[in-house]
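Quick heads-up: structures coming right below.
In the two assemblies presented below, chain A is common to both, partnered first by chain B and then by chain C.
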Partner chain A sequence: MSLYDRAITVFSPDGHLFQVEYAQEAVKKGSTAVGIRGKDIVVLGVEKKSVAKLQEERTVRKICTLDDHVCMAFAGLTADARIVINRARVECQSHRLTVEDPVTVEYITRHIATLKQRYTQSNGRRPFGISALIVGFDCDGTPRLYQTDPSGTYHAWKANAIGRSAKTVREFLEKNYTDEAIATDNESIKLAIKALLEVVQSGGKNIELAVIRRNQPLKLLESKEIETLVTEIEKEKEDEAEKKKQKKST
Partner chain B sequence: MATFFGEVLSVYSRAVEEDDDDLDDENEDERIHREIEEKREVHIVWCPEVAQSLEDSGSNTLQCSDLIIAVGTNAAGFLSAYVLNTESWDAVGHVSLWNERSRGSSRQSIAPLPGEPACLFYRHRDNPAVLVCQSTCYIAEDQLFQWTEKVLGCLQKRGLSVMVLSDSPVAEYKTPDYLYGSAVPFLRSLKSSASKGQALCPALEQPNILTGLPAAVLSHCQVHQIPAVLYQCYTDVISPDSITMETYKPALLCLSKLVKLEPCLSADVLRKFAIITEAQSNLYT
Partner chain C sequence: MALFDVSGYKSHAGLRGQILGTGVGHLVDRPNQEFAVPVGVDPSGFLKSCSREGAVSIDLNHGTTTLAFKFRHGVIVAVDSRASAGSYIASKEANKVIEINPYLLGTMSGSAADCQYWERLLAKECRLYKLRNKQRISVSAASKLLCNMMLGYRGMGLSMGSMIVGWDNKGPGLYYVDDNATRLSGRMFSTGCGSSYAYGVMDSGYREDMTVEEAYELGRRGITHATHRDAYSGGVVNLYHMQEDGWIKVCKEDVSELIHRYRKGMF
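Here is the complex of A and B:
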């Protein structure tokens, strides 16, 4: 195996591109990010990294805007993310000026994915070590959620997670993403928080949440709001448990 | 003598001469070898009580029923957090050695500072037949045999049973299956043939092998028919990490039969032993 994993441009005999697969391992070293597509809202939730005491918290962000109506969360190598985000932002503005229309979420996702794929087929470069969740609204008001990974593939999702415990979160979402669960904006936000609470230690203070509503810019929720929602969720859980207990005893 | 590349080498004449120079050269070589050997010798420094017990016993051995060796920062951190955190353990000795990667031995008699890579011994106060060894320094291949002979030579073989906990990077684990992220870290075990009990995790599959101190200890136990079990933890983190340390928890079942352990552990204690690299490392977000 190790003969075929030194160069990005070399396939192994069984068809693997090992550098790309190793890049996907680098993504797993980043903290969890979850994206939910609601009816009139798209939600991005991330597990906040603990910052050093003297570090400015504002500058350690996993969620960034690409344009007024599109934003993304990433997991993986911080520096690679910065480059991808810069290129995406430039492309968003270039598109506005050239075509006089804001980008569709699919367009900018395709641009990012094409950029990533180019780095898997070049000599002397390594793939980007990030996966991204790109959310936003198109001009016609449809909410979108896309996910890209280091190989340059992208797909649309109803809900997805990337990063450290992505598998656990995705399993939770598969069980709990129902039409009822995303019936209202508040419910969609709570679903994102519930998904993150599955894997985040020490609860609400390690969660950062961002929402985009139709025709509105990105809004980062304040920690107080998140704490309130977490308390609501915990209360709901307790009520559920109480109901189950009562059912059992009758 | 001319070589293929045209340089001229001076070769010593094979004519036998009663020359003093030759003898001096040999002596010099021998001297250098001896110096290196002395420098690389492994010394065990026991505390006065244990040194006294060693002298008092006729065979220069300690009575020991259980020896637990932790090799690597995560194994050592696990023992520090889950076993050595009560007040009932005494530090009874340390091993001082020198090699290119561990330069401790210049201060032979002084115990290593806490946090330094070192090889430390602890003994339980209420049950002095239980010894714990935490080895976080690098022991070179040529020193492994000496280390094992000297340490295990200090202990009586009868009734001795050994448990080794060791860290290893998962990149060195060879398997035909793809390891999903959620499986790591995990434990694998190896036993000497004298060991009768059930291991608490699957055995190490072929073609994986052990190297270093755990291998030396297990080989010694196999040769001398000492029951020994080894738990190797494969982890993808290079620094001490609380999740990796928790992977050793099945070993607590055996340990709790020997000594009283703290029933529950607060996360703060674990965090003390795990290096918090998260805050300082901004490589991954």
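Here is the complex of A and C:
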């Protein structure tokens, strides 16, 4: 196996590109990010890594706008993400200049994915070690959520998670993403928080949340709002537990 | 591009192609040209020496009248069909409208070779856009693509005056694009050496609330009167109507018959 994993441009005998797979391992080490597509809202939530005492918190931002109506969160190597985000921002403006229309979420996702693929097929360059969740609204008002990975593939999702413990979060979402769960904007936001609480320690303090509503720019939720929602969720959980207890006793 | 500058590989053309790919720059970059023009060659200087001022006299195909205007029921496009090379009439049935797709038309005036080549290239790009993005290209984007192609060769002697006409989800679209990379959106344009005559007829007869038949008649009159006075326009009037569900070709009538209809008192 070690014969085929040094160079990106070499396939292994059983058809693997090991450098790409190692890049995906790098993604699995990054902090969790979750994306939810509601009816009139798209939500991105990330696990905030605790910062050192002397470090300014504001310089660590994992949710970034690509344009007024599109934003993304990533998991993996922050430095690689900075480059990808910069190229995507340039492409959004370039598209506005030549086509005189804002990008569709699918277009910019395809651009990012094509960029990532090019780096899996050139000499002397390693793949980008990030997966991205790209959310936004198209011109016709449809909400979209896409996920890209280091190999350059992209897919549309109703809800997805990337990074550390992504599998746990995805299983939670598979069980709990229902039409009632995303019926209102507030419910969609709470679903994202609930999904993150599965894997994040010490609750609301370590969650960063951003939403885009149709025809509105990205809004980062303040920690107070997140705390309020977390308290609501915990209260709902307690009520559920109470009801179950009562049922058992009767 | 950001990474490219950061990594310092500015002059390595091969690496640039490898990383940026061949498809990316086609909408924007001046360096990614259709034709590589060697440094030091001056096409427009050469062309000047070939015209009447210089020793040799090679007049490129010029001379046309084309017009287009928006009204309540869409856009009317009318063109003549004479291709001239100096005082020689090369063709009386030249096709000066390119049907890019059922919702996009392009007209041609100026050098026939330039118009035909660049507008067919535009048609190729429009088709590729539709394949890549699964929706038809907008009229503003199509005219922008043509304008950027012209910008790449600005000052090198191209000669093209074109109107891009279409209907997309922003409604009816009419753009004028020329070889200086001028791009204008408007309600009424006319190009070619017969354009002044066509403007006179259109301006005096235009009303926003014309019926469809009145609009057809205005288009026909504009071209006919221009061909009557301009030596380099003639042949037939090709008339198109751009509607919400696509364009239709309305008629193809000989101007020598039309002029008799309009000038009954004269002859």
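Keep this in mind: the second predicted complex is superposed on the first by the 250 of 250 C-alpha atoms of A that agree within 3 Å, B and C clash if a C-alpha of one lies under 4 Å from a C-alpha of the other, contacts with A are read in each partner's own complex, and residues count from 1 in each chain.
Simple rule for what comes next: a contact is a pair of C-beta atoms (placed from the backbone, for glycine too) under 8 Å apart; a residue touches a chain by one contact, two chains touch by 3 or more.
Given the structure is predicted, the values throughout are model-derived calculations rather than measurements.
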item: Partner touching more residues of chain A, whether chain B or chain C; value: B
item: Contacts of A:Lys235 with chain B and chain C, given as first, second, both or neither; value: neither
item: Touching partner for A:Ser122 - first (chain B), second (chain C), both, neither; value: second
item: Partner chain(s) touched by A:His155 [first = chain B, second = chain C, both, neither]; value: neither
item: First, second, both or neither for A:Val99, with chain B first and chain C second; value: second
item: Which of chain B and chain C A:Arg87 touches, first, second, both or neither; value: second
item: Which superposed partner A:Tyr107 touches (first chain B, second chain C, both, neither); value: second
item: Touching partner for A:Lys245 - first (chain B), second (chain C), both, neither; value: neither
item: Set of chain A residues, in rising order, touched by both chain B and chain C; value: none
item: Contact footprint of chain C on chain A as seen in their complex; value: 83, 86-87, 90, 94, 97-101, 104, 107, 114, 118-119, 122-123, 125
item: Chain A-facing residues of chain C, complex; value: 1-3, 6, 18-19, 21, 27-28, 133, 137-138, 140-141, 144-145, 148
item: Chain A-touching residues of chain B, taken from the complex the two chains share; value: 180-182, 276, 278-280, 282-285
item: Chain A residues touching chain B - in the complex, by the definition given at the top; value: 25-26, 28-31, 49-53, 55, 60, 62, 74-79, 81, 164-165, 167-168
